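Chains here go by letter, A, B and C, matching the order in which they are written, and residues are numbered from 1 within each.
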Amino acid sequence: MSEQLRTRIFDELESLVLIDPHTHINPHAAASTTLADIMGYHYYTELAHSAGLPREQIEEPGLDPKEKVGRLVTRLGELGNTIQVSWLIEMCREFFGFDDERITTDNWEALYDRAAEKMAAADWEEQVLSHSKLEGVFLTNDFDDPLEGFDTTRYIPCLRTDDLVFKLHEPSVRERLAKATGIEVGDAKTLREAIGKLFDHFVSKGAKACAISLPPHFWPEPSPLDSIHESMRATFEMMVCSPGKRREMYEEHYFEADDMTDEELAQEIDSHSNGFASKVIFWMIAEMCAEHNLPFDLMIGVNRGVYASGVYQGQDLYNRQTSLHQYAELFNAFPNVTFPISVLDHTANPELVSYAWIFPNVVTNGHWWYSNIPTFIETDTRSRLEAVPESKIIGYYSDMYKLEFALPKFRMYRRALAKVLAENFIIDRGWSEQRAIDLGKRVLRGNVESVFNVS
Amino acid sequence: MSEQLRTRIFDELESLVLIDPHTHINPHAAASTTLADIMGYHYYTELAHSAGLPREQIEEPGLDPKEKVGRLVTRLGELGNTIQVSWLIEMCREFFGFDDERITTDNWEALYDRAAEKMAAADWEEQVLSHSKLEGVFLTNDFDDPLEGFDTTRYIPCLRTDDLVFKLHEPSVRERLAKATGIEVGDAKTLREAIGKLFDHFVSKGAKACAISLPPHFWPEPSPLDSIHESMRATFEMMVCSPGKRREMYEEHYFEADDMTDEELAQEIDSHSNGFASKVIFWMIAEMCAEHNLPFDLMIGVNRGVYASGVYQGQDLYNRQTSLHQYAELFNAFPNVTFPISVLDHTANPELVSYAWIFPNVVTNGHWWYSNIPTFIETDTRSRLEAVPESKIIGYYSDMYKLEFALPKFRMYRRALAKVLAENFIIDRGWSEQRAIDLGKRVLRGNVESVFNVS
Amino acid sequence: MSEQLRTRIFDELESLVLIDPHTHINPHAAASTTLADIMGYHYYTELAHSAGLPREQIEEPGLDPKEKVGRLVTRLGELGNTIQVSWLIEMCREFFGFDDERITTDNWEALYDRAAEKMAAADWEEQVLSHSKLEGVFLTNDFDDPLEGFDTTRYIPCLRTDDLVFKLHEPSVRERLAKATGIEVGDAKTLREAIGKLFDHFVSKGAKACAISLPPHFWPEPSPLDSIHESMRATFEMMVCSPGKRREMYEEHYFEADDMTDEELAQEIDSHSNGFASKVIFWMIAEMCAEHNLPFDLMIGVNRGVYASGVYQGQDLYNRQTSLHQYAELFNAFPNVTFPISVLDHTANPELVSYAWIFPNVVTNGHWWYSNIPTFIETDTRSRLEAVPESKIIGYYSDMYKLEFALPKFRMYRRALAKVLAENFIIDRGWSEQRAIDLGKRVLRGNVESVFNVS
């Protein structure tokens, strides 16, 4: 009975047209052109690498897309158990009429060719969106993205601020900022002006969120720039000013720097600032979110480059020794900013449930990356639905790089959601099916509209 | 089949008359008088606040109880998913004949009036106890509670020691201690005498436990007062002595204190003692538990006042970076004290299972606060039942402030327990139904009797 | 339906002949001779002690085996809920024809005698292996084990290195090393030579793994011996050299040591080295694993002697504040060493899943000790099967001290595995039964062969 019930709920949830609140889609090339666009997704390259395929074979310069797929297919036999490969099979079935149980060295070429043929259709992007019941897709835009040449009501801009917070000392980032805003940043005041311009630009183009990913030990604090000792202000200015000015200040305050390039000098100062400048800039961005009425998506817990020899985008991991307690002061300081929170580590979910239960401005947001497997999704979903106000739960986002992924990823989520609704609401708590379906639709779609002010 | 089995087990567990081993009941006003007593419980005020109801509307001075309920009801539509609201509906059904699916702006007034009518009965308290199959209720008493004017075999005293351990430097707490014991505390010796008097008083009044809630980073250590440097002893004395003596010592050892009030001076000294005095007093209380043969309930992991703008009792959260390893020395030092342990963070449960598995004096105790939702209760219950001696598992306590809550909270637990017994003992392990029911009854009632020496 | 499906899958998994990749079997006395060998396993002594049986009664010098069992039986009534006692009942049923539900003071003697009779058979060891479908058993050998007098293709050697890494400063350990290798260790170079000899010996005797258990806060780092200050090298030499030389160096560099025994001096130096020498030796052993092509089993997270008054082997616990992040540099530094990883704390499993998903040389390895209960095994197994390449999952090892334990422990695992395969692969993901069974067999047996290079 439970299985039939799950199926009925799932079918109802499947009928819903979605807005995907977080992706990495390039709006100028949203859909795939070959199977290599799909299988080149880091989930497949990193798993194939983890199963023994050398990085050099995966990332060989100038590698033909078909050859790349052929190489990855040799390892699929060791990955068939993973939920990620189940997405691949589901995409191939839904979009390319594939009907074998597995992709093997025997059947992949026909699949590749068939996929290429389908993807060559002029309206492939429309076909994918329509078949996936997707009408809106949030992007993740670099701060200097002109946001032009695409329909921003379909592909909704989101200001990604990692570079500003963690890399502004790098000369290239500073140059991009100057170019995007026309402002030569040299201190907190000019930095605030420049960031203000970015926000104005994004909001004018229909941006509906600001976002950032954060390392496990990041601990936001109010900017102390007005009260602290002069030397801290100087350090901050050295972080954000031009390379020339930085060198001048460094040599004035510290030592000769003749033996360092601009980049090395920037790294040197960053390593001594101990994250101080990042905290100041982060806080400034939270202030901008308040001023511009934008939700601030926090994606908490990633360590970058942990596996330095890993494939592209397959090098990051986490350290579970993190706590939302680190963000309590932030949540208190910005009662009017909504913080949709994603946690990388599944064991951080109970804290997220508790913080969203108490803080009006904390919203649970999807199931991020390493937490994005059914084992964790089911538990996390159930606990959120039992203890967080239903208006503050954003069920899912795909995090996809190519449009074809929305279908299998959202289906995985809808299956988990249907299971939780069937077993823990209808059976355990005696809810009617309709009530459970309504709750499911709210977390899948309704809350995306209300939290991000889209419709 | 599994669902019918669960129902049969649940029905058997429902037939049991209970003793609730931890509540915040006021024995002089144990039951509610209006629905505002129920909906004013912090679970509802904090969730309504989290869903957007301003604190000012909830905590308006002089607010009429009916008006308060009316305001809270406006947010129930966003909280209907939560398990806490399911308790509310269950109470209204069981006690007030409510039979709608939800409480809405349309039906709440009739419910309010009907509830007030029922609660006005002279024997309402008896009705609730009898309908809830409750014959004993542990209290949480302030250390200076006279424990008079109520039946201490029904409402069983428990000495709450948070104020002694964490607030003794506050002049008002010291005054309460002096008034309750007739002893002017000035050093470790007089403090021990005073606390000894409190224990004598509580035990003479039938107290069956001592209890405390502890912050995540608390780390008990043996009192070093006899061996350490004189300056530590002086610090300790400044923490516990009278405001006048404290000021005198402070000015003798440190600086002029003319510009500080007694309260400010107390805070100043506390902030410099770095928790040292709290550790000494905590250890002293553990010694008293040993001397008086009282179990010491430890409720581990709460940070107070994290959300400073939250509603009353809706400001506390936790930091998951805590470990029972911090308590190993305590458990070793007091082999004859039983420590019923509650953890606030669900992810601390595996450690609790392991520590109760090894230490004879560690007992698992219920599902506290943020862990008190079915998702977490089921997993925690199952793991405890699989690895902790069955004599050392206290299934549940309600933590209630008003009697009406025992019924829905214990039912939630009994449903979870019935599910675990049915699925993981009868189906997975081939147990007979009777054996599973016996185990369930032991953790629900039998162990409360044996651990706390009540019956 | 789900239950019948689980049974079918379980039966298929039961038909498989196994190699157990981690045990503590003594190959010269692999099977039990009385029930005291079984019930003397620390799981039963520590649980009986936890339930109130005094250690003095369990560990009384010269205690008769039968009397010991009789004493332990008095506490079984309080442990019948535990999964560990379910193993005991299952062993007694399978091996000794026991068919009561529980072992009690009334029936234990007959059981004891019947067991002794069966165990007295000349081929008891063969009977147990055959009935348990076990054809290979990894050992855990002290580094100075001669590895002689047994069939190393059945009982496969594994070099346990805890003593080398954490106790080399103890004179007795150093003596054992000198005796086993003929090398008087005095510095890094001679230590490397000695350890190299141990590896040569073990590999020549068919060893298939190196193993170590590690405390929660251990953080491996590359040996800095070549670059660091002379005083660090001197400290290292004091850790590894002879007691006489150590005393000489200590008195030359520091103080008179007349008042300390050799052991005390060793402890003194170890306590000041802050784990430095352990890190150096650990790294050296990882290098040896690379040179000798041996997998390095890391068992992460145990604190030794936490409950100092506990029974033998029932004193260790853990601190959940640990992270695999501490091992990232190790995994990067040794890409050609396979690290089968066990974590003691269930909440560390999500990190393990993620690290095995990314690092080619990280393999998930069984369910260790406090994590070895069905609640945790099911979740951990499911998450691994959803996200780690199937070639990198070693399903289970028994960790047993006596052969009889393999049967109930592997059955517990097979039940959990069958449940996950039935519910989460066949039902949730639509897999065929055969495909699920094949996956189960791979993690139960196939990967043991491929990871450890046995067959």
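Just so it is clear, contacts are C-beta pairs under 8 Å (C-beta built on N, C-alpha and C of every residue); 3 or more make two chains touch, one makes a residue touch a chain.
As the structure is a prediction and not an experimental result, all values here were calculated from the model.
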### Query
Same or different for chain A and chain B, when you check if over half of the residue numbers at their contact belong to both copies?
different
### Query
What angle of turn lays chain B on top of chain C when you fit their CA atoms, given in steps of 5 degrees?
120
### Query
Distance from the CA centroid of chain A to that of chain B, rounded to the nearest Å?
39
#### Entry: For chain B, residues that touch 2 or more chains besides their own
321, 347
### Task
Using the touch rule from the top, collect the residues of chain A that touch chain B in their complex.
1, 321, 323-325, 328, 331-332, 335, 347-348, 350-351, 353-360, 379, 382-383, 385-392, 424, 427-429, 432, 435, 439
### Message
Applying the document's contact rule, which stretches of chain B touch chain A when the two form their complex?
### Response
3, 46-47, 49-52, 78-84, 86, 101, 303, 306-310, 314-315, 317-321, 345-347, 370-371, 373-376, 415, 419
